[in-house]
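Given below, in the form of structure tokens, are the structures.
Two complexes, one shared chain (chain A), two partners (chain B, chain C).
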Partner chain A sequence: MARTATAPGVPTTRVGKAALEFDDRLIVAGPLRRTLNKVFPDHWSFLLGEIALYSFVILLLSGTYLTFYYDAAMTEVVYDGTYAPMRGLEMTAAYESTLYLSFDVRGGLFIRQLHHWAALMFVAAIVVHLLRIFFTGAFRRPRETNWLIGIALLLLAFAMGFTGYSLPDDLLSGTGLRIISAIILSIPVIGTWAHWAVFNGDYVGEEILGRLYIVHVLIVPAILLALIAVHLLLLVKQKHTQFPGPGRTEHNVVGNRLFPAFAGKAGGLFFIVFGVCAALGGLVQINPVWLWGPYNPAQVSAASQPDWYVMFLDGSTRLFPAWDINLPGNYTIPALFWPTVVLPGIIFTLMAAYPMIERKLTRDTASHHLLQRPRDVPVRTSLGMMALAFYVVLLISGGNDVIAEKFDISLNAMTWVGRIGLIIVPPLAYVFTYRICLGLQKHDREVLEHGLETGVIRRLPHGEFIEVHQPLGPVDEHGHGQLAYGGAPVPKRMNQVGGARRAIRGFFSPIEEPARVELEQQRSERGLAAAEADRELTSSGRPSDGGRPQEPRD
Partner chain B sequence: MTTREDAPGSTGGADVPGPLHGGPDDDYTPEQLAAMSREDLDLLGARYDGVQVLHTEPGPEPGSRLEKAAVRQVALTFALAGLAAFAAFVVYAGSGWFLPDWQWEITESGWSALFTPLIGALGGLSLVLVGVGMVLYTKKLLPHETAVQDKHDGSHFDRVTTGATLVGGLHNSGLARRKLITRTLVFMGSGVGLMLVMPLGGLIRNPNTGDPLGTTSWAEGVRLVRDDGSPIRPGDQVPGSLETVFPAVPGGNRQSDAATMLIRLRPEQVRVDRPRENQEDFGYGDYVAYSKICTHAGCPVSLYEQETSRILCPCHQSQFDVTRGAQPVFGPATRPLPQLPITVDDEGYFVARSDYIEAVGPTYWNRERI
Partner chain C sequence: MSTTNPQSDAPSDEGTPRGHRRWSRRPADGTPAAAARARRASKQRRRIANVAGLMAALVLTGTLYSALSPAYATEESTATESSAEAAGRELYERSCITCHGENLEGVPTRGPSLIGVGEAAVYFQVHTGRMPLVRQEAQAPDKPAIFSDEEIDQLMAYVQANGGGPTLPSGDLRDGDLAEGGELFRLNCASCHNFVGEGGALSSGKRAPSLNDVNDLEIYSAMLSGPENMPVFGDNQLTPEEKRSIINYVQTVQSQADPGGFGVGRIGPVAEGVVIWVVGVAALLFGIFWMGSKA
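And then the complex of A and B:
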């Protein structure tokens, strides 16, 4: 109970008084309360975007630390530092500063590795987050803008990764830069001009590291920061989507309020992500540039692998046949242009345009705030799996030399496996996924109609054995369930519908009283029922079926 | 402090309340609010924000065994997190003080190899435990609410009124009528825009002056030298060997397009050797020299398989046959590695007879024209 003061509502505590002073000046109590009261739905897959966000924060922190030591100069120096095997070697100042950071700064190596692991985590989280959005249909109206921003963020993350990877100027990153240079050169008509603009002349020149550096630490992070801010503002404005379930409609969000439950969990997740990156950064060596050696255009290390997110482009480059196109007038479109510029161009354009494409095909222009289960949208799910299969074949081909060596297969065979796989695996993935989706759908409907398998076998008077089924809801005169499928998971085992009571807590001895647990369970059931009663519900808790690409039903 | 009551802006001050901002203070007097419990106030505010708390499952009962167990668990997690953090600090600060030095040089103790892993393990453990503790706290000790918030569609009122304001402003400006102004605005806009991006023009440079892509520092009489600068005579290598050579010019071994492979063919390779047309005399005896820069994407080709006479590029596995003028025989490369014409000078060392007769490295749009 709030203690009543002399004048009603005037704070008596010091904190209260300070808060009043504060709000008198800034008038934030209203917006703050609205923020604290904001409801967030709860599902593990909604954490993926958060992981990406937290990795970005870690990247900003660790990257800023790296800038205290890193020097993007390409002047040649002779190494004279702690790492004995390299003393006397000629290298660029950039590479030397990376060695210094690794060997002569207390904890420098840790931060460098932390930065690199966080970068891998960042891209991975973005990609998985994107898959979640895709397969659940969260990109549909009104969220197309955020889908586009997401694609832009993914591209910028690639840009960050590539520019960062090039900074240490070791043998691996130099080789990567060499390939980028060739890719820029391969662009028809403007290739050489573009190369001269980027490198300030022929490969490699004196400028490129300085330029990559400012792109890596200022230009792209600033754009990323701005886009992430818009991404989150839109999320708050449009509210989070939710999976269909009891009491959940197109017009509400069911979950926890920001404060304290959601904030507690989100804060916890931040520290867990940070901790995992830190542990990886200390325990698992990554990019040991001192082993690669300084960049030298005449040298290359065998089995040079880029970071995982670039591998698919490496794969496409390996698989694409040697087809230069010679045009009249002695002009050439280099073979390299297709797998490295055109292919990613097509992939990202298709990805960006997908919400529009689906809207055109399904003619579904309605707003959607309830998510779909992938099985309920077999065409989209299968298309997604097909794209994923295409990607995975490219990814594997990016490491085909390693695989060839490990399993003693000829490289040429691996290349052909990749080329043929690229054509036949994706359609197979489509067909398989489609079948699986339909099977899952059918099973859901079966359970709704006939009830759960109880495992109880009964013998009928005339000798026939049947398995007893537990209906999930009211049944008609034939014993068929009348519940319609609502787009939410259908329980498949008796325990999921309370066939067994939840276990009493306590490891060595029970720390709860059984009676209390029972009471609690009853209470929670009543709570849900009450919740449902005063919420308007569409028949299935889900909007009309307009929400998904139409499928022939069997 | 004195205030001159007659100066505008210096009277009144905080004593005169302004119009209120936000909540419905008219509906709820301070007395009414003061009479409500904190829980009710919380729910009232939530309702005002469109949030309804459907159902609250209280946390464990104070003093119950359930609560004690949960409290112990959370406290233990936080304590361990603190412990690991302090331990990480001790490792960080203590190295080179009461612990062995962390620096790489001192490998005998093994400590320098442990320093980074220890920091990572302890630091990471600490942070993960902080996170786990927070999650445990929310899951086990806080009440579990189920809340519903309404989602609002755009309001017709807002659209119409905002539209009126926007269109009204535009209308009042009279831009639609005053064509002369619109036209000059367009003209001015394009001019100013162009001027603002103008400095980027400094980036544009002509790649075709002096043909830097088509030339290297190889030239007639330039010696072939090793990375350390030593010149090479025929017979220095055994048949079947490959050596990377550079032009004997300052910095030649660091140039990105000059690296060349000097290959001594074995007798059976010489027998089947079929150089490219008009390049039959580019070799010298059983020696041939090819550019080391892959014609695909510019990696240095490096692996030489003597038995098959193939040179393999590690980047995308293009393979070039040295007995067939370094034609590509597999992989994505489309063109042979350019051949450097070589001979020996008066002192018997290898020299180039000229620069490469074609551009080395990756293909580009107007390569064939240079």
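And then the complex of A and C:
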């Protein structure tokens, strides 16, 4: 076959031609190129949200496998399966199918444990991601919408967790469901009606598991998926934020392109997340429903707790005094209403509204694409730590009986520590964080003004000792630096500015020879090592330019 | 042996001597302002009548006593102590008497009465090392037993001989239905001892101890005697067969391996929450630091 000359740029390979055929019909090359060229900042903290995303992928995959065997029916059956200590007991078909899944399905127990660990990881990663967004100010205009979507995702993750927790119908999950039922009932005016709507009658009824199941496997995951898609699309549309630094402005993003560098990284991270969840699923037992036993409303075990992400509400319930409000007309608002409905309502409303609150208080309505270091916004950082301290006291109180038992502390003492701690620890956290932020700010300014501490003490001819500092830039006639603080990390050690021997490379073990690094350092233009050979011992001041005695610090 | 509730028997035990005392002190009906001779003769008569009355009362008391409480009568009527009881008394007087009193009657603010607690309570308290107590606190902690098995038998004999009470069972203590035992455990025990007996906190420093490393007899005697804050599960609440089912379940589940891997204490979400943060999240943070350092 005679070859004909082709126009430049027209593909000649078979794959190229096929791609061209595709592009002729679908016109995807342009958008695809733009997407593949999207730049991701390479700071590690930008990967936190991705851990949540990959945990969600693992949840979808493992959850699908579980649906093949799980049966959400609440019909009573008599167990006659592999697990001897249950044989002959009456239980719901849901619990029986969970036992079957755990003991008789190949890989069933592993997948169930993987699913549960990935669920705990999912919420944990969302929380850590949220903290990163909060403390660096990434929620500021124009990203308030994505903040709100993020809060919605967190709430949906809670809903996923709670519905999934209830499905096996073991004694632990049944106890949890009973508490949820009590919380719904405690809502004034609509409580009873809402309970009737959810349970289709009194607790426990015969409908609830089927309803929770469809919520767990279809409704909430569908909303989650849609919101995650919007979350990511907004991220692409609004571009990433980044930490300030050389060459980084409000109008660019410095980092790696999606393809190939970032895709490689993200793919690697997916397998790390999968590996950690799978290792936990295979090595650490989680929710051993066969030990909990089938649900029976007459039974309850000591230390019945929800999973960690709901534990703060258990804690608030344990700490809140038993104050029922009895109104005329035989009407009661149970104490449970305040710690489990009102408190989370306030917490999540404040959280969702925080970007708007901060905008109002600071009157800062400008668009921001550069992140802030937490120390530079001490009020926000301290508020965040205060909220975190509040949360942690509630979280610890959620497990206070286990802590009391394991560490031989009185449970009553734990409760009172929680009650008092809930009031005094958050303000203390605020004050301490504020002081630490100011201290760090001050130190940054000091390094910019006086230079790095070299660790060299020099004695001048007339006997005076001075501490030699390495200025970071040009100095004025008093030896003070003239650099302004730009919101980026200020080097605090000589080797960060190449002024001392740099650290030997290698994360787990050294990957270069120290002797070779030494030689390389001596050959280089900058730094202490270069001047070491011919440096005059009496000189002082900046090592690299021969040294002029620096003014003693004032 | 006696399965009667020791508390209901205790009053009858000391009620009889009290009645007898009242009877003997009854004032004699003498004649006021009579001749000395007549008085002497009547005194003689009165004395004889008194002695006769006392004898009659003693016989009556003894007869009534043996008729009303045959269980104790057989034990106490053998007046002489067996050698085990004597050895037990010696141990008791050396190690227990300070708090439980010289006649097992208890000492206020120190220790309860041991009359009627039976050998089951002695076995549980002494074999788990709870007694002798080191100090007064919310609850006696278990520790290595101080007395040997033989000494425990002697103490049991002594306490059983002086007041009776629930006795130790015999035979295979795990001779019961496993699944039923699990159901009964969850119904009666799990609310304090956790799902599979890992233990739990009670109020003010008290606690339901873990059932790891306890033997069958300790579980059985605990159910019989209701030590510390535990209620008594008498044979009318849980039949001996049901008790054996529970023991079978507890011991089977304790010895059963965790099919899911490392069990993290089998206490559920608190331990799992610690693992996900300390192991899972920490490992991933380390992973992304590492990836960041590769940039």
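In the analysis below, the second predicted complex is superposed on the first by the 493 of 554 C-alpha atoms of A that agree within 3 Å, B and C clash if a C-alpha of one lies under 4 Å from a C-alpha of the other, contacts with A are read in each partner's own complex, and residues count from 1 in each chain.
In this text, a contact is a pair of C-beta atoms (placed from the backbone, for glycine too) under 8 Å apart; a residue touches a chain by one contact, two chains touch by 3 or more.
Bear in mind that the values here come from a model prediction, so they are computed numbers and not experimental data.
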Check your understanding: Which partner does A:Asn330 contact after superposing on A: first (chain B), second (chain C), both, neither?
Key -> first
Exercise for review: Answer with first, second, both or neither: which of chain B and chain C does A:Leu519 touch in the superposed model?
Suggested key: neither
Check your understanding: Touching A:Leu185, do we find chain B (first), chain C (second), both, or neither?
Key -> first
Exercise for review: Name the contact category of A:Arg34: first (chain B only), second (chain C only), both, or neither.
Suggested key: first
Review point. When the two structures are overlaid on chain A, which partner does A:Val468 contact: first (chain B), second (chain C), both, or neither?
Key: neither
Exercise for review: Using the touch definition from the top, say if A:Gly107 reaches chain B (first), chain C (second), both or neither.
Suggested key: first
Point to revise | Partner chain(s) touched by A:Val300 [first = chain B, second = chain C, both, neither] | key: both
Point to revise | Partner chain in contact with A:Val276 - chain B first, chain C second, else both or neither | key: both
Check your understanding: Just chain B (first), just chain C (second), both, or neither: which does A:Lys265 touch?
Key -> both
Point to revise | Residues of chain A contacting chain B in one complex and chain C in the other | key: 84, 103, 109, 113, 256, 265, 268-269, 272-273, 276-277, 280, 282-283, 296, 298-304, 401, 411-412
**Study point:** Contacting residues of chain A [partner chain C, same complex]
**Key:** 42-45, 47-48, 51, 79, 84-89, 102-103, 109, 113, 116-117, 120-121, 124-125, 128, 171-172, 256, 265, 268-269, 272-273, 276-277, 280, 282-288, 291-293, 296, 298-308, 311, 398-399, 401-402, 404-405, 408-413, 507
Point to revise | Residue ranges of chain C in contact with chain A within the complex | key: 138, 177-183, 186-187, 190-196, 198-205, 207-208, 249, 252-253, 256, 258-264, 266-273, 275-277, 279-281, 283-285, 287-295
Study note, to complete from the structure: So, in the complex, the side of chain B touching chain A is made of residues 14, 21-23, 29-31, 33-38, 41, 45-46, 49, 51, 53-55, 57, 64-66, 68-69, 92, 95, 102-105, 116-121, 123-135, 137-139, 142, 144-151, 203-208, 212-213, 227, 244, 246, 253-257, 259, 292-293, 296-300, 302-303, 314-318, 328, 330-335, 361-369
Study note, to complete from the structure: chain A residues touching chain B in their complex are 1-2, 4-5, 7-9, 24, 27, 29-30, 33-34, 37-39, 76, 82-84, 90, 103-104, 106-107, 109-110, 113-114, 175, 178-179, 181-183, 185-193, 195-197, 200-204, 239, 247, 250-257, 260-261, 264-265, 267-283, 296-304, 314, 317-324, 326, 329-336, 339, 369, 400-401, 411-412, 415, 505-506, 511-512, 520, 523-524, 527-528, 530-531, 535
